[in-house]
Amino acid sequence: MIFNIPFIAVVAMIFIGLYAVLFKRNLVKIVIGISIIESGVNLFLITLGYREGGVVPIFTSAPSDVASNAPGSMVLPVPQALTLTSIVIGVAVLALMLSLIMHIYRHYGTLDVRKMRRLKE
Amino acid sequence: MFSFESILETLKTGSGFWDPLIWVIIAALAFLLIYVLRSFGKKEFKEKTEQTQSFLSGNPEYEKEQMRIKGSNVYWGFIETMKWAFNILRKIHTGNASDYVLWLIIVMGFLFIVVFITGAL
Amino acid sequence: MSTRNIVAAVMFSVLAVFFILTALMLSFGAPIKSQMDDYIITHTQNETGTNSAVTTIVFDYRGFDTLGEATILFGAVSGVLMIFRRVKK
Amino acid sequence: MSEMSKIVRTLSNITFPFIMVFGLYVIAHGHLTPGGGFQGGAVAASGCVMLIVAYGSTWIFEKIKVSRLSAFESLGALGFIGVAFFGLIFGGYFFNNFLVRTGILFNIIPETGFTGSEFNTAGVLPLMNFAVGVKVIAGVFAIVVVMAYASSLKEWKQ
Amino acid sequence: MNWFETITMHSPALIVAVPLLAGFLTPLVSRINDTVRNLFVLIMLSITGILIAILGYDVLTNGIRTYVFGGGNTVITLPSGLMFHVRIIFEVDSMNIFMVIITIILAIIGIVYSLSFMKKEDGLDKYYTIVLILVTSTLGMELTGDLFNFFVFLEISCITSCALIAFWVHKGEALEAALKYIVISSIAALFFLFALGLLYAQYNALNMATIANAIQFSIIDQAALILIIAALTMKAGLVPMHMWLPDSYGEAPPSITFILIAATQAGLYGAFRVIFTLYGNVFNSINLAYVNLVITANTIGWVLVALAIITIIIGVFMALIQTDFKRLIGFTAVAEIGYIFLGIGVRLASKYVQYSGSSATAIAFSEYSSIALNGSIFHIINDCLDIGLLFLVAGAIYYATKETSLDKMGGLARNMKYTTVFFIIGLLAVSGMPPFNGFASKLMLYESTYQLNPIITIIAVLASILLLAVFVKVFYSAFMGPEQQKFKEVKEVPKGMLIAMGAVVVIIIIFGLFPNLVINNIVQPAADALTNYTTYISKVIPGVI
C-alpha cells in the first residue's frame, strides 16, 4: 500500500487540475488546469513503466553488468515513448487553446468563463 | 457480394416487414384518387375575383407582410403549456464551459457507482 | 455556495474516491507483465540497429504514432496561422 | 513587444549559436542518447524564441516571412512521411526500416557501450530525426512569432 | 503478385497515408494558384475513395485483412507460448469498412460543396489543409487496431475540428464554441489515455485484439471501461455531454459541419468497438464461464437505453424552441444519436441466462437483439446523410440570404426552388417518413425495442413525430409565407452546392427505396463482424477459440 504513493500523487495531480477546471473562472486558469491533468497522466504512464532498480533502456551509456543481464535491469521503454507522444500532443493543444483565448478576449473583453455564454439554451 | 435479387426483397423487421415498392404503388393510387375527387370541383370558380378574398368579418384585409407568423411564434400554445419542462431544460443548458466538464464528471461517477456495484455481485 | 458547486464538490469527491481505489490496486515498481518491453529491449540492437530502446519504439516499432504526433503539431500550427490570419470584413 | 536593452541583445547574440548547436547535437544523436527530433527541435526553437524576446516581435516579424516558415514545416513533414513511403517502396512495408543491414548508410549493428562506429547505426532513424527536427523548429517558431506579433498589435489592446 | 494484389495488400496504410500526404503538400501546392489547389484536393480524395473501394470489395469477399506497420511478423510468440504484438496493426473488418465508406462519401461531398461555398473566404489553403487532416484522422480512427494509435487520431480530430469550428474568427460565437469543444474533448481524451494506461499495466499490450483476448474484467478493467465509455460517448454527443454539439455544429461553416458529422460518428464507432470487441468477453460472449457478467451487461445496456431515451427527448424538445436554423438542426442531430445508442442498449439488455433448476445451462441473446443492432448500424449512415443534407440546405440559405435566424426568413421558396425540394426530402427523411431511408432503420429500432419494453418504443415514436413537427415549423417559417422585401433579389445558389445536395438526395432516395441493398451488402456484414468478436481476435492471434 505505502509503495503506491506515486499513484496517489498521480491521482492528486489529476484532481488538482480538475479542481481548477471546475471551480476557477479565469479561462487561463482553466487551461492551466488542463495542462496539470495532462502532466498527471504523463506521470502515470512513466510510473507504470518503472522497474525496481532499473536504469534507462539505452545501451550506449549502460554499465556492462546492467547490459549483460538486460532486460531485467532496465525500466520499460514503451511508456516513455507514449509519454513523448503525449507531451507533444499537450503542447499542440495548449498552443491552440491560448490563441483561441487571445481572440476571445478581443471579442468579449473578458476572460470570465461565466460571461462567455452567448451560446446557451 | 452484390446480388440483384436482394434489391426486390422485403425488409424483415422481426414481427413485421417493409417493402417500399408496394408503398410507392399505394401512394400513386392515392394521388390518382385525389385527382379524381378534385375533378368534381365547382366549374364556375374564377381567379382574381372577390371569391378569392378572405372574409375577416367585414374588416379590411391586412397586406401580406403583417399577416406572416414568425418562426418563434409557431407552436406558441404547446410551448406555453409545457413551460415547466422547457424551464428545466433552459436551466440545464448553461453555456458555461466548466459545466460541460461537470456533466462529464457526473456521468463518470454515476457509471463508477453502477458498474462497481453490479460488477461486485 | 450555489447548488452547482455543491453537486460539483460531491461528484468530485466521489470520483476521487474511486480513482484512489483504482490506484491502490496497481503495483508500483514491479510490472505484472512485461513481455513486450522485454522483447523490445532484447531485440532493439539486432532488429533495428539502435542503442536507444526508446528511440526505437518512437521511430520504428511505433513510428506511425510519431507520424500522427507530427501531424498534430502540423495541424496545430496550421490552425494557429489560420486563426491569426488577416480577415477582410 | 518592443526590443529590450543592449545588454540583453548582446548576450542573446553570444548565446544563440551555442543553443542552436546544442539543439542540432540533440537532433543528430537522437538514436544514441536521450533526446531526438522533437526535443532537439524544441531546444533550437527556444533559441529562436530568445531572439524574439530580445529584439521584439515586430522586428522579427518583418525579418521573417511566416509563410516561408510554414513551407519549411510542411517540407519537414514531407521528409518524414517520404521516408515512410521509401520504406514502402524499398522495404515492402510502410514505415519499414529499409536501411539497416544494407551496405548504404547507418547500417551497422551497434555494440553495447561507446564504440567507434556508434553514429553510423540505426537505419532510417537519423533521417526521421532530422526531418522531425526541421519540422519542430519551424512549427514552434511560427507559432510563437505569430502569437507574439498579434499580442503586440494595437487593436488587441483593450 | 500483380499490382492489384499489391495495392490491395497495402491499401489499409495508403488510405490513411494518401490524404495525409495531400495535407502536407497543400501549403506548397496552394502557392501556385487556387484552381490547382482545389483540383489537387479533389483528386487526392478521389484516389482515397478508389483505394477504399478496392479494400472494401476485398474485405467483404475474403474476410478480415490486417496490415503491420514496419513489416515483420504479425504476432510474436515466446517459447513460453505467450503471443503478443509489438508493432502497430491495422485490422480491417466489415464494420471498419462500413464506417470508412460513410466518411469518404461525406468528405468528398463536403469538399465539392465547399469549393463553391467558401469561394469568397480567405485563408483557404490552411482551410483545405486542415480539412484533409481531419478526414485523415477520421479514417485512422476507423481503421486502426491499436488503442494508443486510436488515441492519437482522436487528438488529431479534436485539434483539427476545433481549428475549423473557429474558421469564422470575426464571429465571437464561433471562437466560444471552439474553445468549449477543445476544453471538454481534450479532458475526455486525457481520461481515455488514463484508461489506456490502466489496460497497459494489466496486460502489457496496446493492441485491441491482444487485450480483448486476455480481458479479465477485474476492478481495474471496470475502471478503464468506464473512462473509455464516458470519453467516447462524449465524443459522440450523448446526453448530458451533448452541449458542445449544437454549439459547434451551429457555429462552424456548414461545409465543415458536414465533415464534423463523420468525425462524431468515428467516436461512436469507437464506442461500438470497445463494447463489442475490446470487452467482448463481458458483453458479447455466450461462454458459460462468464455467466456472472450477464448482469453487468444488462445493467450497462439499461443505462445506455435510459441515456438514449433522455437524449432523444432533450434533443427534440430543445430543437422545438430554437430560433437559429443551424443550432436547431444541431439539436436534432443529438436526437438522432440517441436513436443509435438505443439499438446498442437493446442489444446489451437483451442478454439472458437459461436456468434449469438453479444451474445455468446457456447464455443467449434474444432474437430481436440482432435486428436492434442492424437498425442501429443502419441508422448511422441514415443519420449522417439526413442531418448532413439539412446542414447543407442551411448553408445554402445562409449563402443566399446571409441569415440564420428563423424569425428573419420567409418566403424563400419563391426564389430557391431546388433548395426547397431538397429541404422537403431531408425533412421527410430525418423524421422517418416512408419511403425515405430514415423510416427503414427507425422501423427496425421500434420493432426490436417494442419487444424489450413497449413504453420506450412509444416515447421514441412520439419523439419522432415531434421531430417532424420541428421541421414543419422550420419549413413554414423559412420557405413559406408572404414574400419579404429584402429577399426580392435572392438568387438560387451556385451549381456546385446544388450538385452536392443533389448527390446526397440521390443516395437518400436509393437507400429509402432499396433498403435491402444496403442491409444485405454492408450493414449485415458489419453487424456480424461486431457480434462474433472471436474471429477478430483469432485473425491476429492464431489458435484462439
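We call the chains A, B, C, D and E, going by the order they appear; numbering starts again at 1 in every chain.
Basically, contacts are C-beta pairs under 8 Å (C-beta built on N, C-alpha and C of every residue); 3 or more make two chains touch, one makes a residue touch a chain.
Bear in mind the structure is a predicted one, so any value in this text is a computation, not a measurement.
Undergrad: Applying the touch definition from the top, give me the chains sitting in contact with each of subunit C and subunit D.
TA: The shared contacts of subunit C and subunit D, listed by label, come to A, E.
Undergrad: Relative to subunit D, which chain has the most distant C-alpha mean position?
TA: The chain lying farthest from subunit D is B.
Undergrad: Report the chain whose mean Cα position is at the greatest distance from that of subunit C.
TA: Farthest from subunit C by mean C-alpha position: B.
Undergrad: What chain sits nearest the middle when you go by CA atom centres?
TA: E
Undergrad: Which chain pair racks up the highest number of C-beta contacts?
TA: Highest contact count belongs to chains B-E.
Undergrad: Go ahead and note the Å separation of the Cα centroids belonging to subunit D and subunit E.
TA: Centres of subunit D and subunit E (C-alpha means) sit 37 Å apart.
Undergrad: From the C-alpha centre of subunit A to that of subunit E, how far is it in Å?
TA: 29
Undergrad: Once you find the CA centre of subunit A and the CA centre of subunit D, what distance in Å lies between them?
TA: Centre-to-centre distance between subunit A and subunit D: 23 Å.
Undergrad: With centres defined as the mean C-alpha position, give me the subunit A-subunit C separation in Å.
TA: The answer is 8 Å.
Undergrad: Out of subunit B, which residues touch more than one other chain, so two or more?
TA: Where subunit B meets two or more other chains at a single residue, that happens at 89, 93, 95, 97, 99, 101-102, 105-106, 108, 112, 116.
Undergrad: What are the residues of subunit D that contact at least two other chains?
TA: Residues 32-34, 36, 38, 70, 74, 77, 81, 84, 94-95, 97, 110, 112, 118, 143, 147, 150.
Undergrad: What positions in subunit A touch 2 or more of the other chains?
TA: In subunit A, 14, 18, 21-23, 30, 48, 58-60, 78, 82, 84-85, 88-89, 91-93, 95-96, 99-100, 103, 116, 118-119, 121 touch at least two other chains.
Undergrad: How do the chains pair up in terms of touching? List each pair.
TA: Those chain pairs satisfying the definition are A-B, A-C, A-D, A-E, B-C, B-E, C-D, C-E, D-E.
Undergrad: Sort out for me which residues of subunit D touch subunit A in the complex.
TA: For this pair, the touching residues of subunit D are 32-34, 36, 38, 110, 112-114, 118, 140, 143, 147, 150-151, 155-156, 158.
Undergrad: Within the complex, which stretch of subunit E touches subunit A?
TA: Touching subunit A: residues 148, 152, 155, 158-159, 162-163, 166, 169, 172-173, 175-180, 182-183, 186-187, 190, 193-194, 197, 200-201, 206, 246-247, 250-251, 318, 321-322 of subunit E.
Undergrad: Touching residues of subunit A toward subunit C in the complex: what are they?
TA: 1, 3-8, 10-11, 14-15, 18-19, 22-23, 47-52, 57-60, 70-71, 74, 76-78, 80-82, 84-85, 88-89, 91-93, 95-96, 99-100, 103
Undergrad: Contact residues on subunit C for subunit D in the complex?
TA: Of all residues in subunit C, those touching subunit D are 45-52, 54-56, 58-60, 63-64, 66-67, 69-71, 73-74, 76-78, 80-81, 84.
Undergrad: Where on subunit C is subunit E touching in the complex?
TA: Those residues of subunit C that touch subunit E are 18, 21-22, 25-26, 31-37, 39-40, 47, 60-65, 67-69, 71-72, 74-76, 78-79, 81-83, 85-89.
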